[in-house]
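Note that the chains are named A, B, C and D in the order they appear, and that numbering of residues resets to 1 at the start of each chain.
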Amino acid sequence: MWNISGKIAQEGDMVQLVGLRHKSFIVNLKIDAELHTHRGIVKHNNLIGLPYGSKIYSHNGAPFFLVIPSIAEVLLDLKRSTQILYPKDIGFLLINLGIGPGQHVVEAGTGSGGMTTALAFAVGREGKVTTYEQRVEFQNLARKNLARLGLDDSVDFKLRDIADGFDEKNVDAFFLDVQNPYDYIEQVRECLKPGGFFGCLVPTTNQVSRLLIALRMNKFAFIDVVEVLLRYYKPEPERLRPTDRMVAHTGFLVFGRPMISDSELEEPLEGEIELSESEQVDE
Amino acid sequence: MWNISGKIAQEGDMVQLVGLRHKSFIVNLKIDAELHTHRGIVKHNNLIGLPYGSKIYSHNGAPFFLVIPSIAEVLLDLKRSTQILYPKDIGFLLINLGIGPGQHVVEAGTGSGGMTTALAFAVGREGKVTTYEQRVEFQNLARKNLARLGLDDSVDFKLRDIADGFDEKNVDAFFLDVQNPYDYIEQVRECLKPGGFFGCLVPTTNQVSRLLIALRMNKFAFIDVVEVLLRYYKPEPERLRPTDRMVAHTGFLVFGRPMISDSELEEPLEGEIELSESEQVDE
Amino acid sequence: MWNISGKIAQEGDMVQLVGLRHKSFIVNLKIDAELHTHRGIVKHNNLIGLPYGSKIYSHNGAPFFLVIPSIAEVLLDLKRSTQILYPKDIGFLLINLGIGPGQHVVEAGTGSGGMTTALAFAVGREGKVTTYEQRVEFQNLARKNLARLGLDDSVDFKLRDIADGFDEKNVDAFFLDVQNPYDYIEQVRECLKPGGFFGCLVPTTNQVSRLLIALRMNKFAFIDVVEVLLRYYKPEPERLRPTDRMVAHTGFLVFGRPMISDSELEEPLEGEIELSESEQVDE
Amino acid sequence: MWNISGKIAQEGDMVQLVGLRHKSFIVNLKIDAELHTHRGIVKHNNLIGLPYGSKIYSHNGAPFFLVIPSIAEVLLDLKRSTQILYPKDIGFLLINLGIGPGQHVVEAGTGSGGMTTALAFAVGREGKVTTYEQRVEFQNLARKNLARLGLDDSVDFKLRDIADGFDEKNVDAFFLDVQNPYDYIEQVRECLKPGGFFGCLVPTTNQVSRLLIALRMNKFAFIDVVEVLLRYYKPEPERLRPTDRMVAHTGFLVFGRPMISDSELEEPLEGEIELSESEQVDE
């Protein structure tokens, strides 16, 4: 991972330069390199050795702050040839799929590697992400994006038509980001552990409807469909008000968890009547 | 942490039993214990050894699924005496504060430990969370909540009036969750590294205005004020529509990053005019 | 119409009594009648002769304000056996369908008469509303509702299966509120004048999709699909914040205007090149 | 008013020409006049005599539909030098202020006459709108806008600093649209009948807070603060989804109704205990 806890900028660090109106640039510091912006040139040599949080100036006097980018900013900066996945959706996916250090997650498709980045960041060095893609050019782009961030060690890239299924079994969570997710739910079910977490993002209501049918047919339970909306405010203390415009739609998030069907199970448990001293829970 | 990747339920596991209409119970499995619900009794002994994802029945025949809870579900289940912090806000906070494995985060106040739980989960065993609280009964509740989840090892609980400041310096991120956050911004600034991430949640617009003034006075930049809204849908493929009602407000999230002020810095960098072959960035 | 501009409450007036927490009652004043509420009894005789805006008390001391209800409040108070149509949607429908004094509007189905009431109110005594319904019990309920408000004079109630079409031609606007609106678009087209305004409310995305197909097949243009959302605030000046919950969905409003198809028209107009002195409009 | 119910376009009619991507032009038809657009020229003579709903072509072949504009479209087209008032807010204001044919409404300030137009449209020829403005250039612009629409007959324009109060008493409704509405609530109270409807639009939360204080001090009840949000959808039946961006904020609508204070009233009504046969209302 990039040097996320540094205090002083060093060669090799991934840094963010933020100028007026939050216009920002994320670069890897390299001796003798330069950053050329429309507001002038910044020499990397002049950044190396500075404390993070410093205000610096381009050759023609435009001010920039030198900081370490957050994962959210890194995600927005990724080179991509596919639809963007927004931090608002990623943050909600991570917490609802229960992604944390040490877990094993499978993703399809890789795309430009945005969600792969977020997953690799969240599972950490002890965790593992396996990501499937069938177009080699996307896989290459994603590899490059992950490598730049130092996150590729915990990622296993696979080139595959996912109609053929997944190698993994009993994984903790699955994120599916393809145009026709409803066609692969059976394969996803084979890959997830019972009770594992499935998440998907689709842009249209028609896709949601088709996906819901596929999830039901494959005995997923706890199905949720939800949109995440952000409403930003102009940060003026004496004239506080929402911004004039907002992003109104990125996609519908669909969640579910595969369950073991009745037929796969033994007989219903025989419950007993007598109460023992034990935890009481009110419904 | 709880046994998040298990396939078979074992003694000591924290498990979730989910019944009709998503009514759910989170319990730690204990030999000979029982879960008493309004839909009947479930004996822990009958759960131990079952694969996760199984459907089981209470003594009077009510069905339940046996699963491992996600961090989102654990958060909603915490015993609390303070205002709830929703997964939607927590997910967005984590990703915007750049919280990931290995980081050091400071929080004040601890409250019931909801955000402490999420932070400890996200930084993992290599990371560290320091959390301040001045009411001992809240600290005790939070300790108990964290201990039950096996997350207390990476948390340092401190009992303190935060007007006296924080022991830590140069931390990566700070989450402030008190009624009068505007009164402690100077102390927060001393604690964060330059360019570190500050986040706060306040319910009213009046608090936002006061907080914005305090952040400006203390040279915070990249200030954002934003609300996260969730819109759920009834998961009916042939009658897809948003739910009739939704949570309209939990709080305003306020973000900022402390910068090094001009006076603390050397002279503006002398930029040079000549262009070298190096990374070109279009604004 | 009810006595909307009165200053002093009089026998026969439709008045509103509003108690604590905006709990309200709409009644027609009648000598010797009484209003029995859970907060006590109010005698009509004690209201007749009072100025509007007065604060009065029930027999056991509960306070009420005596006011004239607005059309919005009347709509929410209507006796109904069908789905409610909210003032937020009605207000937006009226302005987008261009409904104003003197117009002729057709509606189907009548239902409980909520939209009929709003339309009759808006077109005034010089305008006309024709409303179709095929279930006689709904028509009777709507008639009663409209009569109580004194708005039935400008309404023509028709009992009909609208698959058989509408008697009217060249009307200004049409509001369609039935479960399967997509089945009647051809009939609606016959009723509207070219360029007239069509509006519809449907609760599900599946209905929207089917309606869009029907509108296109019938050469409607200017098609809009939109939801109206209200976000209320707790009116506390020192603790201003949105309410905790809100109505998240009532329905999707769908608008369109039937156009004359190319084949019905003469040849394209021959435009001329030379410019004359005339109004210049920048695109 | 403009010829709102015409079937055939005639000289003097206000018509709307709508081209590709809903780009539209509203003009008054005049013999020998021309409309010059970026998509070519349209001669008025070629429009006069055509049925509404016709598709016509500019001199270089760009298609346009000829229709009668709705009040919503007219409002968006008004020449203005002040902040726009959106149809979504106007529609909700009209229905919540109970505006309908025959009413007397007062407005301040006039601005470009957008709300004046909507009010004059809604009260009709039997109603009356009095509108105050203190900047003569705005009043002139508004007069011109109203005259063009044929709506000026029912409007009384007054040039005045409203700190001096209003001439009218006991009016049904008041719409206040000035930067510092909180400074004029006492004057508004003098103008409204008790129980009359007050509405206001302010863009910032700070203004809302100050306005709420003024309304309480002046004994307004039924205070509501609300935002109206529109969410549009791309009208694609097979790919139905919300538009990518939306208007996130125009203003906060604040409503209230002045009540007669206790001291102005007689003693509390003496309620009696015995129940008579009369309407029973359940709370």
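Here is the rule we use: contacts are C-beta pairs under 8 Å (C-beta built on N, C-alpha and C of every residue); 3 or more make two chains touch, one makes a residue touch a chain.
What you are looking at is a predicted structure, and each value in this text was computed from that prediction instead of being measured.
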> A-D versus B-D: which has more C-beta pairs touching?
Replying inline: A-D
> Of the pairs C-D, B-C or A-C, which has an interface that repeats that of A-B (more than half of the contact pairs shared)?
Replying inline: C-D
> What whole-number Å value describes the gap between the mean CA coordinates of chain A and chain D?
Replying inline: 45
> What is the distance in Å between the mean C-alpha positions of chain C and chain D?
Replying inline: 17
> Residues of chain B touching 2+ other chains?
Replying inline: 205-206, 208-209, 231-232, 238, 240
> Hey, which residues of chain A end up touching chain D in the complex?
Replying inline: 203-206, 231-232, 238-249
> What residues of chain D sit close enough to touch chain B in their complex?
Replying inline: 205-206, 208-209
>> If we count contacts the way the header does, which residues on chain C are in touch with chain D in the complex?
In response: 1, 4-5, 7, 18, 22-23, 25, 27, 32-44, 46, 51-61, 65-72, 87-88, 90-98, 100-104, 118, 121-126, 170, 172, 193-197, 205, 208-210, 212-213, 216, 221-238, 240, 252, 257-262, 265, 268-273, 275-276, 278-283
